[in-house]
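Below you'll find a set of structures to go through.
Common to both upcoming complexes is subunit A, partnered first by subunit B, then by subunit C.
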Partner chain A sequence: MGSRASSLLREEDIEEIKKETGFSHSQITRLYSRFHSLDKGENGALSREDFQRIPELAINPLGDRIINAFFPEGEDQVNFRGFMRTLAHFRPVEDNEKNKDPTSGEPLNSRANKLLFAFRLYDLDRDDKISRDELLQVLRMMVGVNISDEQLGSIADRTIQEADTNGDMSISFSEFTKVLEKVDVEQKMSIRFLH
Partner chain B sequence: MPGYCAVLLQLNLLDYFSFCFQWATLRMERGAKEKNQHLYKPYSNGIIAKEPVSLEQEIQEMRRGGAEPEFDMSDIFYFCRRGVESIVDDEVTKRFTAEELESWNLLTRSNYNFHHISTRLTALWGVGVLIRYGILLPLRVTLAFTGVGLLVVLTSVVGLFPNGRIKNYLSDKVHLMCYRICVRALTAIITYHDSENKPKNGGICVANHTSPIDVIILASDGCYAMVGQVHGGLMGVIQRAMVKACPHIWFERSEVKDRHLVAKRLSDHVADESKLPILIFPEGTCINNTSVMMFKKGSFEIGCKVYPVAIKYDPRFGDAFWNSSKFGMVNYLLHMMSSWAIVCSVWYLPPMSRMEGEDAVQFANRVKAAIARKGGLADLLWDGGLKRGKVKEVFKEEQQKLYSKVLVGSSEDRSRS
Partner chain C sequence: MELKMFLLVSGLLVGSLVALGGASGSPAKGCKDNKPPVIEKDCHEPAKNRTDKKENETVKKSFPVLSLDYENVRLPFEISLWVLMASLMKLGFHLMPRLSSIVPESCLLIVVGLLVGGLIKLVGEVPPVLESKIFFFYLLPPIILDAGYFLPIRQFTENLGTILMFAVVGTLWNAFFVGGLLYGVCQLQSANLGDVNLLSCLLFGSILSAVDPVAVLAVFEEIHINELLHILVFGESLLNDAVTVVLYHLFEEFSNANTITATDVFLGVVCFLVVSLGGIVVGAIYGILAAFTSRFTSHTRVIEPLFVFVYSYMAYLSAEVFHLSGIMALIACGAVMRPYVEANISHKSHTTIKYFLKMWSSVSDTLIFIFLGVSTVAGPHEWNWIFVGATLFFCLVARVLGVIGLTFVINKFRIVKLTSKDQFIIAYGGLRGAIAFSLVYLLSCDHFPRKNMFLTAIITVIFFTVFVQGMTIRPLVDLLAVKKKQETKRSINEEIHTQFLDHLLTGIEDICGHYGHHHWKDKLNRFNKKYVKKCLIAGERSKEPQLIAFYHKMEMKQAIELVESGGGSKLPSAMPSTVSMQNIQPKRSSQERALPQLSKAREEEIRKILRTNLQKTRQRLYSYNRHTLIADPYEDGWNEMLIRRKKMKDLEKKMNNYLTVPAPPSDSPSVARARLTSDPQVRGLKSATKNIPSIKVDFASPQNPESFSVEDEFRQKGSQPKESKEDDGGLTMKVPSPEKQKKDKTPDEEPQQRLMRCLSDPGPAAEEEDEDDPFLP
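Showing the complex of A and B:
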């Protein structure tokens, strides 16, 4: 009854996560409590089953792809650092970043990184290209059994035609970015975290 | 001076407790500030702000203007964001653990800031432990044994009487008395509202479920016929004794699966006006009292009057929620009996019947909404069975169908033009 999670997270860890992700202190402790409540095995890491236990995620057509985004290549467990790193992509973009440090590189929640996150949802084999096959598979996940193969195929073909500029019949990350340049990615891929 | 005394007298014991708890929290906040650390604050307002926008709305908004293509690569953003939002904060999983409190109530089990406790606070907590485990717990356990023991013995005695008015009268009195002793055993401070709507014979009483104590709370204010599975051990003894005094409905494990059998026994009972109203918890499992989850439609198909009851516990003095996946029954009862008190409010709502053209599920949802509104609880469509089981595939298929309509819908419009 009640979570004692905050006492298991050390101050140094919180500071590091703050620097890396830009979340505030209270946001980090609350997210740690959430992490802890999802961690049914209480081993400090989440498995795919832990995510699938969330009903709203289980009914999301792209639920499995989203869960996959949390796990680094070939791994089955994600620790709190990894969890926060992935969530950081969804922080809103603020005009004046508090820790604007030119040497720290691009923040995790920049427009480019948000687009990269979405790109990776499509790119099933992680080869930095969205092939027609991959696009079809993701489309199939989103529509279920309600659209025929032919119709879905033509949708995929048309999408690749519109996006593909170098004629290799697949969509690279830069082509993806170009296609979505008018979309308000910052707002659509951001979650309003409360303080 | 007299005015001051008058005010002090008007504050009851619970107000003094509240004052203590708030003082304890302030001390912890001060302790944390002195050490230049942060205090953990439960996310009572939520971790994130969600916007209730539907799938269609969002996808239309996202589509770039001009000639609308059927599919846009940005469509994925909607599912992506919704998915991550549910990972951070979802409506269901938090209903199966105890509610987090704003201020500390001097019970270790609800404290998240151990390392900020000063000596004075520890002393107060220590005194609390002594009182709770040294005085309150033994007293309560004795009362509990007395209550249960009397129930078994007296109902068996009443069972010896021939069926008739005297037997019913005695049975009611015996049940009420024993349940009231059990209420004392938990130091439950209950406020009953709108007692003119109390359930009558020939009806079914439905209530939201938080713990097995719900039964004791309701049954100490009125007489009900209980429904449940036959148990072995001590529970079995109690069940067999109770049914001697008045008809309760106990099912064998095998019979529970047979929905028709269950419905028949319930309808037969309800049809007999001399039998007591049936008490049922349609959620089917214990929820943490911040929300009401899906009501199983079985009780709403019977076609009799339904008397809804809302039960809301005040978690500050002792959280009544039974997290059955974490704690066993004995552990749970010990927690209950070593809390300060169980404080709750019971509202009897006016009876409802199924309306013309309304099916059982709609009726169930209507009753659920009324209970949620009265008790100040969130009204959820999710199934309490998700505590242990997986969500059904059909819900995902619904989402897929919705999205397909957005895609295909636009091509239909095009073919028409």
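Showing the complex of A and C:
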């Protein structure tokens, strides 16, 4: 887990990552080469600048938040394992996984964990609630600058009012899950990592 | 009682139809060239003859006051009669709910057609046949346009790969499998089918292989399965038209030529690409033209729907000129123009388009099935047990094998795999219909001497699929517990989070360097926003983000509901903003805030509603002008409104049971009751207020319980209503009086104007009274 001078991937690393995230061998190697190409500093870890160098990410309204999601609390570097751990959330859900290992806990790409990942992107202060302000921030990022604050405010109010069941004027994780129960999250939040 | 009357009327109609229809039908002889039952417009000739005759005779005859001249109007009359009869049949089925729940409509209509055809034959006349030209030019386009215009684009594009696989590869597989095996069967000595050559079999196979959109729509509409399966089968039925067209022309050409070389096969493949892509391009061009035209229709709202219909029809016809796939052109046209047109046109035009399309497609659909029945009775048949049986068997087997095989391959690439239940429904839902029939009908007799046999076989297959599969699919769906369609509306939460997830996924894909689905969708959206929307959408709307448009649309819908049912005294804005204001306690002070100025449209709306409400006692006749439309929120009539209000009142009572109102200390149970049952607008309805003349309720406060409960009506499925923040002590209630209504308006007008802030619309500035419906695809 520590920083390695050599940036080659060892077999036992691949095995560990495979067990933890569920990616296949070829997927891991492919993603490793991508990691390597992003890592301009050649130090085996990515920094925020490395991510920001990706052009499409710069124009993505949620770009900064996504980048932040890769970095664990307070750190500025993410190594390959952390990289893979985050990406594991987007692996498609497979039916046969449910039978494999009931004791190992929920896999990273289960529906609940996917939703949790998305929830954490809203909830910056990690208080397990999406407050009105946090929602407003996200809305502002997605909608652009043309819309007035009041309008955005009323949309945010409406959103919270629709989702809120316990009356605390914010959206908790369970409420978030409930609202999205009709949305096919398994498909929407999955990327087809080619073999 | 209703049913008996209806049966009487329809009996009369059918009787007249039998007499007239039979008289006009041309004999549908076997392999001779079938002339369509078209009556030439030679009405002038008989008239001339008559006048000639009159002149020749001595002028002894008196002036004919009443004369019979049926020939003049024969064609339109009969067409109208058929349409009327078809629609009455449709009406009749729904009067018998038990029957329509067991048997799908399409089956019943075919049976009716059979009966009518049988009747006509009994009378001695020859029943008319479903002419291919009429079918392809008049009956099919409305159905396809309806399907294309309301195509759920999102699901369609997400499953496009799967749909294309089924449509192209599946249809090819079906065609060759059935054609080849049939040829094998024909070679059997016992069958007496030796003269059917390979090409005929292949052609027949290709006609037979196409899943029919009309039949699929007719059956699937009624069983409400989940969207994925619906779009898969339906999308397949739409897209396989290109394959069918190419194969049909290919084999028809080949049957002329004697040898088939590899070049021909290669050209066939090229032809397929040209036909399908060409059709789409033609459709897209017309779609863009339509969108562009709709940008300028803000002053002539009345003809907006016309552009949609005519451009689409032109797309279809233009594609047919070049033998491209007309269906794909129509779909492309509808799908391309929809987002832009809907952003430009008025709400009324939107409704008009929707209802006209539904109406036309419904009539077409009905006529097609009835004519199928009639043609079955009419058509010359050549029944050959072996051929027909083999056709049916191979058709079913091919479908099942094709679906299983293709799903196996497709599942390797899909994120959400298709289960075997899904596969079963897809295979079972492959219905054949009138398109196949018409295509066989078009075959020329010279090249296909066994055309009648083909006709018989195809009718058998159609009947089997529509009757057996159509009738049993519904209980099977229930039996297998296939997921059904979810009826709930899309909430704003879903909208926001879905967009959020889209951005998220696009970002992740970019990080992985993986150019997948989301990447291209995002690119397309960006391109759309930057260039296309500016050209095709009028005015301010072009800059409106999708989210805002969706939000507006939702608000508008609720506002319209409120105006129609609540009597308009509470303005549309009262509902959403009352909600947001009353629920968020700390924000209560925000209502005192000064508002930004109202847009002109809102002011006009307020004024209009006030005007109509206040002057209700006097009947107002709007001057009728053909070129403009005046929005009238009171179109429904006063009685209905009273009924609705009463319903609302009852609902209020129910809702209020949940209220935990901090009752002011001076409250007594009678006051609470009075508060609950009072409603100043409803006059003539007895309320408890009469018993408590001394209590007065002040309704001028914006937080009065009534406006509260009005909004509760719309939150039935939602959370518990929040507490009423009633802090004005001493609720007072006056005995309801006519002046009360007017009085309500003026004090209400102010807070309601303040509440308008939620609907501040950056949309088009100067608008007429038509409500603009922001559209979200």
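In this section, the second predicted complex is superposed on the first by the 186 of 195 C-alpha atoms of A that agree within 3 Å, B and C clash if a C-alpha of one lies under 4 Å from a C-alpha of the other, contacts with A are read in each partner's own complex, and residues count from 1 in each chain.
What we mean here is this: a residue touches a chain if its C-beta (ideal position, glycine included) is under 8 Å from a C-beta of that chain, and two chains touch if they have at least 3 such contacts.
In this text the structure is predicted, and so the values were computed from the model without any measurement.
Clash or fit: what happens to subunit B and subunit C when subunit A is overlaid?
Partners clash after overlay.
In the overlay, answer first, second, both or neither for which of subunit B and subunit C A:157 touches.
In the superposed model, A:157 contacts subunit C only, not subunit B.
Let me test your reading of the model: by the given contact rule, A:53 touches which partner, first (subunit B), second (subunit C), both or neither?
After superposition on chain A, A:53 lies in contact with subunit B alone.
Taking the superposition as given, does A:92 touch the first partner, subunit B, the second, subunit C, both, or neither?
After superposition on chain A, A:92 lies in contact with subunit C alone.
When the two structures are overlaid on chain A, which partner does A:169 contact: first (subunit B), second (subunit C), both, or neither?
After superposing on A, A:169 lies in contact with subunit C but is clear of subunit B.
For A:188, is the partner it touches subunit B (first), subunit C (second), both, or none of the two (neither)?
In the superposition, A:188 contacts both subunit B and subunit C.
Identify the partner contact of A:179: answer first if only subunit B is touched, second if only subunit C is, both if each is, neither if none is.
Both partners.
A:71 contacts which: subunit B (first), subunit C (second), both, neither?
It touches nothing on subunit B or subunit C.
Is A:29 contacted by the first partner subunit B, the second partner subunit C, both or neither?
first
Of the two partner chains, subunit B (first) and subunit C (second), which one does A:61 touch, if any: first, second, both, or neither?
In the superposition, A:61 touches subunit B and subunit C alike.
With subunit B in view, single out which of the stretches 169-177, 295-303 or 493-501 of subunit C clashes with it after superposition.
After superposing on chain A, the clashing stretch of subunit C is 493-501.
Based on the A-chain superposition described above, do subunit B and subunit C contact any of the same residues on subunit A, and if so which?
On subunit A, the residues that contact subunit B in one structure and subunit C in the other are 31, 34, 37-38, 51, 54, 56-57, 59-63, 66, 87, 90, 118, 121-122, 138-139, 142-144, 146-147, 151, 155, 158-159, 162-163, 176, 179-180, 182-183, 185, 188-194.
Looking at the complex, which residues from subunit C come into contact with subunit A?
Its residues touching subunit A are 158, 413, 415-417, 486, 488, 491-494, 496-514, 516-519, 522, 526, 543, 545, 547-548, 551, 576-577, 579-580, 583-584, 596, 718-720, 722, 757-758, 760, 762.
In the complex formed with subunit C, which residues of subunit A make contact?
So the residues of subunit A in touch with subunit C come to 31, 34, 37-38, 51, 54, 56-57, 59-63, 66, 87, 90, 92, 95, 118, 121-122, 138-139, 142-144, 146-148, 150-151, 154-155, 157-159, 161-165, 167, 169, 176, 179-180, 182-194.
Sort out for me which residues of subunit A touch subunit B in the complex.
So the residues of subunit A touching subunit B come out as 1-7, 11, 25-27, 29-31, 33-34, 37-38, 51-63, 66, 87, 90, 117-118, 121-122, 138-139, 142-147, 151, 155, 158-159, 162-163, 171, 176, 179-180, 182-183, 185, 188-194.
What part of subunit B is in contact with subunit A in the complex they form?
That would be residues 37-38, 40-43, 45-49, 62, 64, 69-71, 73-94, 97-98, 100-101, 109-115, 319, 321, 323, 326-327, 335, 382, 386, 390-391, 395-401, 403-405, 407-408, 411 of subunit B.
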